[in-house]
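Below: one structure, written as structure tokens.
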Amino acid sequence: MSVRKTIISNCEKKFLLKNLAEWTRLDGRAFDEFRPVKINFGKDWGSCHVSLGKTSVLAQVSCEIQQPKSSRPSEGVLNLNIELNPLAAPHFEAGRQSDLSVQLNRLLEKCLKDSKALDLESLCIKMNEKVWAIRVDINVLNYEGNILDCASIAALAALAHFRRPDVTSDGEEFIIHNVQQRDPIPMVIHHYPVCITYSVFNGGEFIIADPTLLEEEVADAFMSIGLNAYKELCGLHLGGKAELSPDLILSTASKAANRAGLIVQQIKECIEKDTQQRLLRQKQSFSILDITNDSVSGDIEALLDPWTASEKKHKKKTKKEKEHSNMVDTKIEIDKPTNGVELTKIGEGTVALVPIEEKDGTAIWEVSDSDDDDNDEVVVIEVPKPVVNLLDVNTDSEEEAVTILNADEKTKKKKKQKQKK
Amino acid sequence: METVTDKTNISCKLGILSRPDGSAILSEGNTTVIAGIYGPVEVKLQKLLIDKASVECHYRPKSGLPGVEDRLYESIIRNICETSFYASLHPRTAILVTIQELQNSGQLISCAINAACLACLNAGIDMKFMFSAVTCYMNFEDDLYLHCASGKETKAMFVFVFDSTEKRIIASHTKGSFTKEQFEEAVELSKEGCEDRFTYYKKVLES
Amino acid sequence: MAEQYKSLHPIKYYRDYLAHGIRPDGREFNKFRPILLNVGSIDTADGSAIAKVGNTTVVCGIKAELCKPKPDAPKCGFLVPNLELPPLCSPKFRPGPPSDQAQVLTQLIADIIENSKCIDLNDLCIFQDKLVWCLFVDFVCLDFDGSVVDACIVSLLGALKTAKLPFVEYDPALDNIQVNMEERKHIKVHSTPVSTTFAVFDDKVILKDPTQEEENLCSGILTVVFKDDELCCVHKPGGSPLTQEELSQCIEESKERTLFIKRLIDTAV
């Protein structure tokens, strides 16, 4: 793709820095507040969609049998591949590695692979001959800053969710059992490491968590800390140009450790929820594959609803409170009355009144409760503005069509004439 | 509350991504794709056309690298978009169509084409007509149906793309072998299916 | 004068011709170009053919190799088609990795082979789970002048029907392969797919078997493949919309041509 990267103007830069000097961020977050994380699983094993604020990625784990590396004959292989999809930003090129994608890939590898989070020995089928190769494909769908955190959560959640087919051996032959024959086997994960990224401004004067696109561009440097739930460091990377004192790094890392714990907890809860869903459905229909329709609409639900984008006006809180607010969704529904209005409390002191045009019938469709098996769920459709003037287009092409029809007859006539000749 | 167009379930949401100029997530049955449009944007010198916008299409499978088969789908989607756009309104620019597979349970191509159309509408690209794709299956008893009963073997599969004004065939892609009569029957059946899709598009845009 | 007119207003030039019911190369709309097929042209290949459709020339060579089947399909051999469009055949191709068009056409040819079931992959099995044939079917285009798929399919059939595979003996106990190069036998070809390309000019005129020039100027292409009496591919990758009647007419016309080409292939073999 040819489109050049959008250049950040000096005014934007200055505005952002001035705001930082007054201890505010453009989206109203506190300095060490993160954007909300949503994790959704697809129908297939190891398919996971994660959104961090507006940034969203899709991770898919796949596996195949191959020969192990001669240096490690009893270990499986884990490959991570992050793809900057042209969907995410116009300057991303399809199928080509850029500096950014190589850097992200390496940082993710450091965090997930080099920290030995996955038990590779459990992936060995026969020493020196056959091992499982696990591949994680991460597609970035929307780039609004901090891909790394989002991708690391997605990769980890997808790996934790993934199940590989069972393999048995009868002496010589290896038999790969499909899902119907034997339950697939989950991965063995020793610990759950995630990346947590901070942006550094003014040589360490301001350190902000989970930078957005603009903040990333303006920042002097970024610091990415890989941590697991036991607060163990699994990777540390300082990129850019800023001299930071070791104390500052340590204090940031300890702040990040709390966050890592919360994220890992969220991943585990989501997987638990997914397993529950599958189990419940299984009881109804006795087959695993046909049931998980639910997750598709789950994916859709995960995608931006207008209120996650709305600005949250938080007053400055003490650290503990902030940590708390990461955990609890800040949207608190006060009531859901039937008269077509929804009151949503957005943070402290702000309440939104959202009209629901339920009776209209066109604005909102709901699940038809009658048949449980089918996935009749339809989502509220948000159209910001009517885009195409259909009427105009219609008349235009009708005119065209008329000429075509005539022409057609002409050619037919000609052909007939020819035949007569 | 009517949501079910032909026997498969379609649901969709527009404008779900913040970066592209237009985007849509569409699921038909269990198959889900995301489509995004950038355009008209700056064009690469190689692909510059002096009289109209050049259309590029990228399709990403959810795992692995895009293969030769995906190239064929890309070219089909690109050609359909090229036909439907008023490309001459934006000379020396490019319109980028990107499609990402989220979940594949059959009829992926038609789902991708429909998502592309909705994303174009969302992006406000000038179009001569809307287009919609319908997948039609034929089983070994030579029965035709529009939704795939999962796990059943099919003898042939047809994908037809129709325009919204006169319901003419913009594109056709087939798998398997069949007679001419069966082919014509499949076109008829798909045409009915596409009407439902256009009504659905309109509902989506009105809401 | 006509030359200048043609290069300045190529579409108008064509329209003038087509208004009189004739194409610049003297053909009527529904006439196809002469087809030439030569089989067994390359000694080093296991099967080969050269097909010429008008000026379009495609060489097809089949090379057979022994390999191990995939564990999930232990009885299936492989057939790997690949179309090469070198800079030699048209100025619009550059040297280097295969262009998008080459990949798209390769996939289309692979689809046609699969849909027509002209080769049963189970026939390529020598010993289950241990040894199968892998046929590399390479097409090289020497002159790119429209309707390349038609030429490819004709040359493919020519090559397949003349291809001979050496006799292979496999001893599973010793894992021993013995190849008898002298004793060769034909591959079983189950059907004869024939492809016909149409071009839609200005949304209304349908030209059969278009040349490269016509393909470039037209607004849509349609490829119909017949296998005996059955259709096995109706491929229209976008382009100007056609009504159902127009489509049916194209299918009818390609059916007539199928018989001639089938006879051509059978005579050549």
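Letters A, B and C mark the chains in the order given here, with residues in each chain numbered from 1 onward.
Note that contacts are C-beta pairs under 8 Å (C-beta built on N, C-alpha and C of every residue); 3 or more make two chains touch, one makes a residue touch a chain.
Computed from a predicted model, the values in this text were never measured in an experiment.
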| Measuring from the mean of all protein Cα atoms shown, which chain centre lies nearest? | B
| Farthest chain relative to chain C (centres taken as mean CA coordinates) | A
| message | Roughly how far is chain B from chain C, centre to centre by C-alpha average, rounded to an integer in Å? | response | 27
| query | Taking each chain's centre as the mean of its CA atoms, how far is chain A from chain B in angstrom? | reply | 24
| message | On a C-alpha centroid basis, what's the spacing between chain A and chain C, in Å? | response | 43
| At which residue positions does chain B touch at least two other chains? | 163, 166
| message | If we count contacts the way the header does, which residues on chain B are in touch with chain A in the complex? | response | 1-4, 9, 11-20, 22-23, 25, 27, 29-30, 32, 34, 36, 38, 41-45, 47, 56, 58, 60, 62-66, 94, 96, 98-100, 102-103, 105, 121-129, 150, 163, 165-166, 202-207
| request: Under the touch definition given earlier, write down the residues of chain B that touch chain C in their complex. | output: 68-69, 71-72, 74-83, 158, 161-163, 166, 168-180, 183-184, 187-188, 191
| message | Applying the document's contact rule, which stretches of chain A touch chain B when the two form their complex? | response | 1-4, 42-44, 47, 49, 54, 56, 58, 60-62, 83, 85-90, 94-95, 135, 137, 139, 141-144, 289-290, 293, 296-297, 299-300, 303-304, 309, 361-363, 365-366, 368, 374-388, 390, 393-394, 396-398, 400-401
| In their shared complex, at which residues does chain C touch chain B? | 100, 103-104, 106-108, 110-111, 114-117, 219-220, 222, 227, 229-244, 247-248, 251-252, 255
